[in-house]
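I am attaching a structure below and will ask some questions about it afterwards.
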Amino acid sequence: MEAFFFSIGVIIAGGTLPLMLHRHFTLMKTVGVLSISAGCLIGLTNSLFQLFRPETDAVSFKYLHAFSLSFVIDGLSAFFLVPVFFVSFLAALYSFHYLNTPEKSFRTAASYLFFSLLIASMTLVVTAANIITFMLFWEIMSLSSFFLVVYDYHKIETRKAGYLYFVFSHAGAMLILSAFGLMYGFSGSFGFDGAAILPEWVKIVVFVLAFAGFGSKAGVFPFHVWLPHAHPAAPSHISAVMSGVMIKIGIYGILRMYVALNYHAPLFGEILVIAGMISGILGVVYALAQQDIKRMLAYSSIENMGIILIGLGIGMIGMSSGNPLMAVLGFAGSLLHVLNHSIFKSLLFMGAGIVIKKTGTHSIDALGGLMKKMRITGMTFLIGSLAISGLPPLNGFVGEFFIYLGGFKGVGLDKLSFVLSLMAIISLAVIGGLALACFTKVVGVVFQGEPRSESAVKADEKEPMMLIPMVVLAALCPIIGVFPKAVFLMAIRGVSALNLGYGRIPFSPFLEMTENISQAAAVFLLIVFCMLALRFFLYRQKTITRTGTWGCGFTRPTVKMQYTGSSYARSITDFFKPVTALNEDHPAVQGVFPAKTYYSSHARDIAERYMESVFVHPVLFFFDKLRWIQQGDIHPYIGYILLAIVILLFFV
Amino acid sequence: MIESIILWILAICLSPFYAAVILKVKAFFGGKKGPPLLIHYFTLIKLMQKGSVYSNSTTFIFKMGPIASLSAALMALLFLPIAGRSPVLSFNGDVIFVLYVLGLGRFFTIAAAMDTASPFEGMGAAREAFFPIICEATMFMILILFFQLTGELTFAAYFTGIQTSGLWRVAGAPMLFVVMAFFIILLTENSRVPVDDPATHLELTMIHEVMVLDHSGPDFGLIELGAFIKLLFYSTFVARLICPIHAAHPFVNFVIFCAALSGVYVAIGVTESVMARFRMDRVSHFVLTSFALAFFATVITLEFVK
Amino acid sequence: MIHPVDILLILVLLSVLFAFASSRLPVLIRILAFQGVVVSIVPFFLEHEMTAGGIIFTTATLTIRGIIIPWSFYSMIKKMGIKREVETIVSYNASVFASLLLIVAAPMLSHKFNMISFSGGTLITSTAITLVVAGMFLLMARRNAIAMVLGYIMMENGIYLIGTALSSGAQHIVEFGILLDVLAGVMIMAIMLQSIKQKYDNLDTAQLSKLKE
Amino acid sequence: MLEIIFLIPFVAALAVFFLPATAGRVLLVLTGIIHLLMTIMVWTIRPEAIFPDYFALSAAGLLSLIVISLLFFLISVYTAEYLKQSHIRQENIFTGSMLLFLSTMTMVTISDHIMVMWIAIEATTLTSAPLIFTHKTSTALEATWKYVLICSVGIAMALLGSVLITLAMDVGHVKTAVSFSALTEAAKQLDPTWLKAGFVFIFVGYGTKMGLAPMHTWLPDAHSEAPSPASALLSGVLLNCAYLGIFKTNKIMVAAGLGDFSGTILMVFGLMSILAAATFIIKQTEYKRMLAYSSIENMGIIAFGTGIGGIGAYGAILCLIHHSLIKSSLFLTSGNIHSGYHSWFIDKIGQLPARMPKTFVAFFAGFAAIAGFPPFGLFIGELLIIVGAFRAGHYTMAAIFMLSLCFIFAGLSNQVFKMSFGDVSEDITSPTPEKACLVWPQYALLLTSLALCVWMPDILYQTIMAAAAAMGGGF
């Protein structure tokens, strides 16, 4: 535990020192990055060590006399600590070259402060062992990430994003607090472990409330509205941390509540599976429809949260129906996906960050051909895309594979569990296919083909500190994909902390599965290698000519003729028409010599649309109607006093 | 094991031959003599001997495309019980692995197409990305059914030995739906009429062929080979399902299997001859039909089993 | 036999009626002066024994309520040339009707609280309630600022009545407090009145409704 | 010797009326310092009062006293600088009234007798009226008029309530001093009907002064029209004084076993206040009015917490302390913003970080604090109130409470965003000069709130617990 707090101390120091050094830009960045990354490394080693230790560490401090700040590192906490420290470490490195405007020296320093606070609060939330501690650091986490989101507050979209994020995180916190309040109300103790004695109906209410609250942080549909706004608005290393790890804290919250309540109602699993399916499918459909590269990645995070939730739901269904194998597979699969998603999503955000920085545009349809100028970025982005599409032999597949296996175990169950397992499997399949379409679109349009605009022509990549983290992350994807054993053991450690009542979870049946994956992946790589050799052999001493792309007989092709991302996605989004209504803007062509015209379209998020018309407008209308109270004349004001007295006297 | 590997190699070698059966059937319906049954071998050899022309727009991904798609097809075949013999590789959940490996092949095919900056190839890529989504859903629906029937998640459990006839025994008539669903998947995944027309010359209406417009020489050869293997892979399902007979002697078995396979290819050829290809926006409905069939099969069977 | 206090109280109630009906400021002020005097002398007729301090306080109250305040308002109207008409929100006829209703309702309310069981006449509590509510009514129904202040004074009269008549334990601090309140409060209000007059040249509070949502 | 603490500012105020303006400023700060020192002394040695029937120290009073004293000191530092910049006619009246205001508020905190308390609270109204009227504009006039009249009517109700409580004593044949402490001890013997009636009147009366809806109507006007230091005082401490009256009466009610009755009233009015605040914050156009409505919200929260009792009462007292610290800092900051942009309209403010970085930090930190974010103390207070509400089983009320807090947050942050980051029409991005004396008091206030969320002195904790214990506080 000391090492844990020490690492947090170092991280915070990395946030405060830059504030003092903000006059020396490079020195400030060096100090900040070094300190934060060193702290993260210490924390990472410590949490790996903690993860494989049998006993849990607990520590408690007195707080404001009556309360205590207690922290516990059990398997679950340690499991979530790993990605938090790891991704933050790489994001800190990445920021060194990413934040390179000396004119904004002070703002950069402030961003390091909030960055360090964000890391610290995430780790403290994950280790918090009572309500007060949890809420305290949860709110600090929201607040510090908010400041990071509004880093570029000059842009109006950023301000809108920051506002949405702020309001949603507050509402989410209120929901969580109400769940905690109920817990405290019935148990009378602030600790999580007191929750096990609640009556059953209270447990259900608590779980539902907590799910809604944590779900809004995790970006679960329909509480996700803030996410596609906030993640693109933040600087890219922050997006990487937010999308890579911060939203997982919401998942952690759900799991922690599940552990604390120690109640295995089938309802929990059902809620999670259904929410997961909706988030997964809609998330990826919207991702496909996006034209902004970071927004698209943000929606893809929603999709992956859906996959994780499906896994958790399968685990909970397995738990409630007394199917240990299904439970462990579901939980372990989704924990694995938590880890994997944090790796490839932060990789993709970092890649997108470089692309945006170098080309100055967010729009997918304005880019193209970057693979030639940004080789490393392109390669790593490609690997990340393969991984996030869940393709073997990369890591994205591993988690999904276990979730599938768990889901198939559920097919053998009765009625509702069967239907849900069936739907879970089908939706995982559909999500997989759509994700593939989505990421082929991004890779194909952004990195391949020819540049579609001037800005995409003069891109380069020279900053090593931005490339190294991406290379590290990209290397991890195939490594975990081929040798999932180690991370799977980590996930099992996490699952055993879930208090499922199975005692020690045996490793052997699961290790066999990971062995299978390794073996198959190895065979596959062997085949690929043979094919490469074959190809090399076939091309010996052959004439290779280079020329323009064949235009099917069209002799003057231009880059404008290329297929764009929007047209690529159109047929699929049309298939999901009811939820992906397009907003089109296209002034009609008129007159003999028509002026230049344009066409723009974007898919509107159904939740966002209905949030306005179903919730925001009625609320505003209601409060508008109340405004006559303060109409300026003093006479009714005195009447209010009389009225209050008269009404109250009735009750005397 | 050795036997399985021999069968695997045999299947690879036979795949171009069977693809030519389709051409022969189509020629028969067209009242023509048609190309020889070994035409695809000639084409492959010819292609392998040539050099290549690459577009200036392309990168290494363009060259990765053929390799990835061929490797994926080869990998998939490794898990497939050919002629009812146990496959080379098999483990719990290999069906999922295979489907996703095929996805990897598709990813690279699409990426290679996008690499050329050609509008037509982009169009094909978009379609290639779209239709298989529904196919995968159907495949998983069928898998759920098979899992319910056998309790296993391997191809070996479905198509080895007497297992297949076991499926028929338990599920009965609904199995016909599954066969039809499989056939539709086969047509879609392998870009056959009525989803796609490999013989057309109008790039705007093509899916798979248009994606490989810029590939040439050995690269194109590898793609072709991959396509043949993939076709064989799906045809094997259908063949085993319509002809689940398992004889004691492996050779007899193999002959029966080959005959069934020929039947499937003839059926493809007949379909191609008597049907016109769909309008692009109707294709998704057609593919959805397969999902509906699989869904009904599952629901009916489960009622039946209970 | 009619208790002497009751006679006083009936006079007070009458003054309420008149106050509601009067449309002229000077008349209103005079009625309030009269009411102040009557209310102030009520303690003399109650059965408490009067201490020296009590007598002093009562006399002081009498002077302030009956003489100083009315006189100062009177002179203010004269000096500043304030319009004598009282602008209303609720018309005079309706006001009179309301006051009648009030006088009927007040005893019912005092019954509810068993107030009659206290020393003094039966009327004392209902009169006090009437005064308080009537004062608030004036505050709500008159637009003229002076009339509103007068309403406030009427309210204070009612509270004074309850304070002195009903509670014996409250020592003189109650009376002192009320006195201070009336004096200082009215003084501040008078300053405000002057400022309003300076700013708007009349005392119609309808102009004072700019601060609103 | 306790009384001296309110006599000193009184004497100082009298002196200021006869001194030149600059000397008045010095005396203002000086009195602030002396008052703070004396408050600390009162905390440590707890002197006896000369008139023990009228004045006595109570836990709640001590808390209010230290808050008043600290706030006044910091605000006086700000005011001294503020007065140099703004051109207020008859500055002596302003400074003198501030000191008188301090004197009367101090008197509220140490008064124990029901009537003395009432007199002191009424006196705060009278002494603060000149502060609101400082600018002498027509709107200031209107605000003052409404303030004086509505508060006087309200306070008259409180007087009636106090009289009714003495009646309750008579009916119950209780013979003690009419002081809160004595009454709390004898609460069981008081006549419950009269006590309830008395509470209703006192609640409505002091509630008017405290700004509980629907009696809050004067508050936004008065707070927006007063000069910023005066608004800070009004919002930061005046409301607390009124609350003290309700708190002490509620204490009697709880002791008399009528806690349910008074608690329900407090909770319902608390919720109404929060909803009223939400109504007007959402579409607010002037930032000072917005802050004023936020005060109404916080008073509602405090009333709600007090009504819950138990852990909620503890939370309410925390909220009371932190609200004073934070809200007064926000009002002071609003004065800075006005001096930079010369407008009270939210639309006209923008790009704060570029133009007034220090003010921005104070403003945004204040906003985060008032919205209940850690590491500021309001967070703990609100958290305790919410869990307390659940503990006491008021689920519906807790739900309404949290929902309206969300609405208010949405409204408040929308406006604060516009002000902080929005674009301004005129294109001035060069920083406006910011005097140290005009930002450090805010920082000090916010840092105090922050520090109290991290570490609380034992004596403070004991006092809060003692105050909350009367409401069944504690855990």
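First chain written, first letter: the chains are A, B, C and D, and each begins at residue 1.
FYI, a residue touches a chain if its C-beta (ideal position, glycine included) is under 8 Å from a C-beta of that chain, and two chains touch if they have at least 3 such contacts.
Note that the structure is a prediction, hence the values are computed from the model and not measured.
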#### Entry: Pair exhibiting more inter-chain C-beta contacts, A-C or A-B
A-B
### Task
Could you give the separation in Å between the centres of subunit A and subunit C, each centre being the mean of its C-alpha atoms?
69
### Message
Centroid from C-alpha atoms only, then distance subunit A to subunit B, rounded to Å. What do you get?
### Response
36
### Task
Compute the distance, rounded to whole Å, between the mean C-alpha positions of subunit B and subunit D.
77
### Task
Please compute the C-alpha centroid of subunit C, do the same for subunit D, then give the distance between them in whole Å.
31
### Message
Going by the contact rule already set, what residues in subunit C reach two or more other chains?
### Response
136, 139, 148, 205, 208-211, 213
### Task
Could you check subunit D for residues that touch two or more other chains and list them?
145-146, 149, 153, 193, 197, 220, 280, 283
### Task
Throw together a list of every chain pair that touches.
A-B, A-C, A-D, C-D
### Query
Contact residues on subunit D for subunit A in the complex?
145-146, 149-150, 153-154, 157, 193, 196-197, 200-201, 203-204, 207-208, 214-215, 217-218, 220, 261, 265, 275-276, 278-280, 282-283, 314, 353, 368, 371-375, 379-380, 383, 386-387, 389-393, 398-399, 402-403, 405-407, 409-410, 413-414, 417, 420-422, 453, 455-456, 458, 461, 465, 474-475
#### Entry: Residue ranges of subunit A in contact with subunit B within the complex
368-369, 371-372, 378, 382, 386, 389-392, 397, 401, 404-405, 408, 411-412, 418, 422, 425-426, 428-430, 432-434, 436-437, 439-441, 443-445, 448-450, 513, 516-517, 519-520, 523-524, 527-528, 531-532, 534-535, 538-539, 542-552, 557, 559, 561-563, 567-572, 575
### Task
Flag every residue of subunit A that touches subunit D in the complex, lowest number first.
64-66, 131-132, 135-137, 139-140, 142-143, 150, 153-154, 159, 162-163, 166-167, 170-171, 174, 177-178, 180-182, 184-185, 188, 619-620, 623-624, 626-627, 629-630, 634, 637-638, 640-641, 643-645, 648-649, 651-652
#### Entry: Residues of subunit A touching subunit C in the complex
627, 629-636, 638-639, 641-642
### Query
Across the complex, what residues on subunit B touch subunit A?
48, 50-57, 59, 61, 63, 66-68, 70-71, 74-75, 78, 89, 91-94, 96-97, 99-101, 103-104, 106-107, 110-111, 113-123, 125-127, 129-130, 132-134, 136-137, 139-141, 143-144, 147-148, 151, 153, 203, 213-214, 217-219, 221-222, 280-281, 284, 298, 302
